[in-house]
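Heads up, the next two complexes both have chain A, just with different partners, chain B and then chain C.
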Partner chain A sequence: MKKTSHALGITLILILLLPWLLAAEETGNSIMQKVMDTQAATSSAMDIRLTLIDSNGEARERRIQTLSITENGLTNTITVFLSPASVKNTRFLTRERSDGNDDQWIYLPALGRVKRIAASEGNGSFMGSDFTYADMASTTYDTQEADHTLSGDAVLLDRQAYIVQSVPRIVSPYVKTITWVDKESFLPLRVEFYDKDTADPSKVLTTEEVALVDGRWLTRSITMRTLANNHSTRIEILQAKYDIPMNSGYFTTTFLETGRTQ
Partner chain B sequence: MEKTTRRDLTIILGAILLALLSLTLLGNLTIDSSTDAFMPTSSPVIAVNREIERQFGSMDALVLGVSVPDGSILNTNSLELIDLLTQRIALLDSIDTVTSITNTDHMQAGTHGFEAVPLFAGTSPLQLDELTSRLAEWPEIYDGNLVSADRSMAAIIIQTTTGTGQDELGSLLDQLGELVDTVGHDQESFSIIGLPVVKQQINRSLMSDMSILVPIVGLLIILVLFFSFRRVAGIFLPLVGLVLSAATTIGIMAVLDITFTMATMLVPVLLLIVGSAYAIHVMSHFYEEVALLNRNLGPSETRIIIGEVLHRNRLPIIMAGATTAAGFIAQFTSPLAPFRTFGLLSAIGVVLSQLSSLYLLPAMLRITYRKGIDPIKLHTQREMEREFKGHSILGLLERIATKGGIPLTVISLVLVGATIVSIPTIKTGTNMLDFFQPKSAVVRDTKKFNETMGGSGILTVMVDGKKASSILDPSFLRTLDIFANTMEATDGVGKVQTITPYIKRMNLLMNQDSIPYALPLQEQTDFDFFSGTFGVTGDAKPELLPDTADVAAAWDAGTYDEIPTEPAKYGLETTSDLQNLISQYLLLYSGNLGSFINDTLEPNATLVTIQLQKSDTTTLREVHSAVTAFWDANVPEGWDYALGGGEAISLALTDLITRSQIYSLAGALLIVWLLVSIIFRSPLAGLIALIPVAFALMGIFIFMALLGINLDVITSLLAALAIGIGVDYAIHFLSACRRLSCSTGPNKGLGVVMRTTGRAIVINAASVTIGFSGLLFSRFIPIQQMGILFCVSMVFAGLSSLTVLPMVLNRWQPKFLLERSAPALQVEPDDLPERRISP
Partner chain C sequence: MKRHSLRSHRWETKGFVSILLVLLLASLPLSAFDGFTDIFGPADEVAATGVSPQTPFAPSFGINGTVGFSIEGMRALDDSREIETAVGGGLEIDLSWRGSIVDAQAKLALQPTIDTPLQWVDIFKGLSVTSYFEGGRIEAGLLKKEWGSGDAVHVVDVLNAPDYRNGIVDDALAMKVAEPMVLTTATWKDAALEVVYKPMLVPMLTAEDPEHRWSMLTDAQAELFSVATVNQVTAAELSRFTNGQYGARLVGTFGPADLGLIYYNGFYTQPAYDLRAYYTSGGAIDIGFTRAQLFATEATVVTGAFTFMFEGGFWLSEDASASETETYNSKWVYLGAVGMLIPGTGAYASVTYHGQYILGFDETNPIDVDTIQANQSSDGKAYMNTLTAAVDIPLAREKVTVRLAGTYQIETKGYALLPSVSWSISDDLVLKVAGRLFGAVGDAPDSLFKTWAANDSLAVGIAYLF
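Our next item is the complex of A and B:
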């Protein structure tokens, strides 16, 4: 009896400690892996509005739609510009290659032809926004791309969050990022980007709205602010579909040029 | 302890405490040496620059020039060095971007499109050849900007983050200097160029200059005091008063949070010089009084003498101070805030010096001579003074004044003529680089950079089309291209940077396989992926593009090296289609053109940067008016344009300084005339008193023209000051004449006045001139020039008040000199009978 009660006691302690033990198991790497997993999809379609806000509060809007499909671990993405009017129907295709050198084509409607682009646009601004092309792809790093360290936790937007510091191993415009990761959804709630080893970040990304749609956590609205010039860009996901059947014909130069998949 | 002694000790201790307290506040002083500090924040050019900075980013770029003495900078060692520096600088604080030939992308034709490749890929012979040919491919962008046309110099362009303060800039420049000093290099030499460098140099030198000037001026004043009194007390007591009032003025600056600028830095030095005159006045009268008595004076007698000296000198000192302060206060009319601050501070300082001479100095005298004084010990000085009274120079001046009417009139007219001829030839303009000696590093580096590269002076033009995409209108872009070409042909302009080379380049690269006028119009399909089923119902058979390389060889690619202006050539229908084409080109630059356009895709404003190799006012005015003339004629209706940049500020400042000079001159003349008219109750007296002032001004203007001295932020302070100080001589002289002429008749009275007040004026002018000559030791050229001009003006004022002024009085014998009700403004020793000291 004594033995049983002893065993019960241990079980009870274990049960009580379980959440803590589970939580304690999380490491910087495991958290960031979950962040990537949460956002991973075999295919996705997004309708996005970018609002560029200058230091005077003047706003300019851009609207794009993107389709992406992942096959054999390689992602192809097509982006179509809907506004402003001057670049409407411009289409941009990226095909990821296993050697790391992505193929990129652009279709300029006023030129009427597809052009191949060989340029690493990673650090360039996406449509004049506070996001670089690399930021648009992902604001967090893969576990292979950076060393992630769990540095604590905090409450943000009334939600419990991990604080993970990431030091990239790959070539990056940032020396480090600090990400606040929602403990429930594993979505980034805030990311601070440091382009130098200083106390202040150069850019701060904040999540304004998250939603649970069809059992999947989605970020609805985020804002990236560049601290030096007080310029910011808000991204709103107007529509989003994940893991849907998608015609691979979209991810071709033919589609780029003709706007047709056949 | 007696009541008086207690009061004296309280005054002295109080003054010392006040000065010490002021000195503890020294650390609170803010320094802003830049000429920006002079510009009113409401000035249009400041508003334009702020708007430009908001829309196009920080403009105060720093440039690190790397050059080799012989041959080309495009060698392995130099390129590796530039690469290393580019990377290291990017890691420093307050850096936004660093651009050099080693981190710039080059755009070139690629397979079926274009590719952005690193301009500098490495240092193998092949890669160096590639670099050379790439640089030659796009000279509009590279030459004079990143590398000199003769390839002897390369530039690392350092853009700081918007809102970087002066302290951060200072520390950045220090780090940059350290980096350049420690980095291993062979034959390369470095030069750091840009307005921030000049500003920092001035800032640093400002304090060290002060720490040199104050002791030098102090030493010169000690010399004057020594020759005047030859006694320790005669040197020490006035000096203590001067130092305490100058220190208190600095304390007031710190408490009122007044920024230390090029103008206000002169206040303490000016106060030492101007204030010394009052102290000398009191001290010399005290010693004269004592010397007149041939016996030992007890403590109470000494105190009575001090009291009498004060009684007689209070009014002249107050009046002389009032007119000097009036000269300073006239700066209130200036549109430039630092000049107004300078006026206020100097006026406060003058009042402090007066208070010091009237209260602190007597208190110190009473304490020093609390046991009485022995006049015998003063004999040396007395004899010297007696000797001086009969000095031949004063006799000569008296003869000139009484008998040399015609030559004096002729000389005066010649001077008036010379002034009229001189004034239009006086150059205006405050080029901060001109503050430094020609052989200084900052001047040498900038000169070299200007000769080799595009130029360090920056004038910008912001053209605003008001509507989105208006800048991309092809006909406007062509006008912009013509503007750049026109300006580059203008003297003094090194390079003009606009958006157009980027558009032309992209047009060329994107049309490598185009055939002019042969492109079919494309049918455009509007997309909304979310309206359908993501294509899953269709059967996609993707195909890759046919190879069009053969087509490309059929025509001359150069035909597309242009701003697209003909829709048909591009298979388009309207100009608006061309505008869209250009917008789509801009998309490919990924926001890297932010310094030229205010929006990545649909800009409504563009910035043109004109690099100047010469920044003198004449060149600036010519370039400025060429820009204005061009855009007045070519700016589309409803659009507007504005000029900005460092050189636009410089030009606006020049105009404000000229205005300031005219206002403060008129203001000072008016105030001084009014004051003197009131004192003598005669407007004519006011006019006559302006005679030495007029000569001082003529001296200033003639010498400015002769020595090629610019009317700038420093020298423009001079005229109003010379008025304030110069009129003192007239007041002293007129007071003495008025007092003496009644009893002895003008002619005889004049002789007495010349020997007494004349002597005082000579000593006063000499001491002030010697004091101001200390400014020649400044490391700033305008301050040196101010020293020269001040000496000239004091000599002119002094001489004219002893020649022309008495001549005029002698010839016209104005009524105001004969009034019996004249106040006893000044009492000279000769006119004092042997006095008895009553207890």
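Our next item is the complex of A and C:
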């Protein structure tokens, strides 16, 4: 009798807690939302080294610095190319408009002038790398942009990971992506990009190093590999700063032209 | 032979200056603008992720440039079976100093390509000081500036005289003469007002020898100039206070468009020939310049993948009534262009249509400067329309760039084609092969391009970027 009442008690508790337990279970959408939240910031500054590595191991380096600031839900970004010499001091300004489109200007030091340009083609290569412009913006999709399905768990790089399949609802160069998301940091550890009508991924993004800095998880090194030609691009985050005060003068055409905020 | 001796003399001077510049280069730290040093610290000191000190501003010195060699081959003018070669390349160097409120910049070139006596414009491609103040800046010195919205082609770009001594090359900035000027820019969030003053008149540069392969004179003009006395304008006359020029440009961003307004009070840079005395009494031909004011507008509008560009303006000549033969008349100028990225290729293409319409044009007066110019460039018509197109195709992950550029002058059927291929052997070593083709389609009237038809060339060069 005592056993029966004990079991009943446990059952009642479980019934009462069930909605809470169900709510705590991760879904594809909730995981990807956490991925986005983990990377969100009101401002960010990154010092980045890109290394382009061709199939026979020859490497070419590019160095860029980028600042972003988000105000009223709209993000402005300024990118400066530091090397190689052929693109040094090229500066690029993007301002997000409330209608979802971007305004973009470029400063080419060889011409010494600022020029307004159309938004970069999303699937065009960024500086000859394996990343497209869309990849550089984000390698995962917003929950409004894709249907995300949790398809399983795995261990990757000795870390527990969710496997989420994403099918974009927006115009995208890929028909689907599969993302391994670290259960602790909610950083993507691996992303497979699939083109139309292919069973194998066309590109694979691999995270090589993550770090916990000032309570925030950061990806420090990732590599995107194009499987068809075995060309790859490694991105190393030399420095990253988030939610820091930032001079709004950086996000102006005056800064593009002069390299000064005043 | 004369050309070779001139070059030899110039190379002695250039060699000396080159050695000085290379020594200077080797002894200085690099890079004036070196990224966001206030946030990340010096770019050559890579700090641990997320942790770096805020760095106070420090003055810096920078050097960039190219050193290279090229050889251009073209048919000899007197015998089409012979090939003449011209050595090009040389050293181009940008020196910059960045202080807390002052920048200084010198763009120097030591190039053996211009085979006329060495002039300051061949060495100093820019030499300026910029001082910054709250809400703006002031620049002074020898400057090259670009006004207008078009893709390299403009009709309202008035601050620098063009340089045609080496024909047409696929580098709009190289075809400009750095001019002395003072330019003040006041900036607001999305707008800027530029006010400029130029203390002297710098005429368009052309090959002075009528027999030169890049001479812009027609055969009839060359013959006339070989027998007549020509009174050139002296440097002292060009520098007179009364030849000062000034203007202003207001630009701003309005939604998907960048718009601009321009006013300029200056000169047409092409010389005007006063032939009245020569034809009436056998006297000398006087060369002069026509003062004119430009009222213009410019716009860039972005829609989806397309960038639309517009320029339009009215030149009000000092000869507003079009009654004088020795001054150029007023005219309308216009330009429309569209540029776009070609989907899936990374290639960028642009097409530009531009032209002018001369008011009060008198085609029956053979000594009117407008008629003379029209006979040279637009089949004797008051209007002149030109189509220009260019496409840049990056290949092999931007290691190779193929560029095809061409222009077609509709009235004279004259064309210029400027194809090139660049191969980045490494990030700082570029091999380039470029061609220049000039001519006219079918039974075409006289034109600049037809005059230059014998100047087709192929150039091969290599350049090291630093």
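A few notes on this one:
Basically, the second predicted complex is superposed on the first by the 237 of 262 C-alpha atoms of A that agree within 3 Å, B and C clash if a C-alpha of one lies under 4 Å from a C-alpha of the other, contacts with A are read in each partner's own complex, and residues count from 1 in each chain.
FYI, a residue touches a chain if its C-beta (ideal position, glycine included) is under 8 Å from a C-beta of that chain, and two chains touch if they have at least 3 such contacts.
What you see is a predicted model, and the numbers here were worked out from it, not measured in a lab.
When both complexes are superposed on chain A, chain B and chain C clash. In the superposition on chain A, A:220 makes contact with chain C only, while chain B stays out of contact range. By the touch criterion defined above, A:63 lies against chain C but remains apart from chain B after alignment on the C-alpha atoms of chain A. By the document's definition of touching, both partners, chain B and chain C, reach A:112.
In the superposition on chain A, contact of A:228 is made with chain B only, not with chain C. Looking at the shared chain after the overlay, A:252 reaches both chain B and chain C. When the two complexes are overlaid on their common chain A, residue A:55 makes contact with chain B while staying clear of chain C.
Overlap of the chain B and chain C contact sets on chain A: residues 45, 47, 54, 60, 65, 67, 80, 82, 84-86, 88-89, 110-113, 115-121, 124-125, 127-129, 239, 241, 244, 246, 250, 252-254, 259-260, 262.
Listing the residues of chain B that touch chain A in their complex gives 54, 57, 91, 93, 95-96, 105, 110-117, 161-163, 468-469, 472, 510-511, 513, 519-522, 524-530, 534-536, 538-545, 570-572, 577-581, 583-585, 587-592, 594, 599-602. Across the complex, chain B is touched by residues 45, 47, 54-56, 60, 62, 65, 67, 80-82, 84-90, 105-106, 108-121, 124-129, 133, 196-198, 228-229, 239, 241, 244-255, 257, 259-262 of chain A. Partner chain A is touched in their complex by these residues of chain C: 31, 33-36, 39-40, 43, 46-52, 64, 101, 130, 132-134, 137, 144-146, 172-173, 187, 189-190, 192, 253, 255-256, 258, 300, 302-307, 339-341, 343-344, 346, 394, 397-399, 424, 426-428, 430, 465-466. The residues of chain A lying in touch with chain C in their complex are 45, 47, 52, 54, 60-61, 63, 65, 67, 80, 82-86, 88-89, 97, 101, 103-104, 110-113, 115-121, 123-125, 127-129, 211, 213-214, 216, 218, 220, 231, 237-241, 244, 246, 250, 252-254, 258-260, 262.
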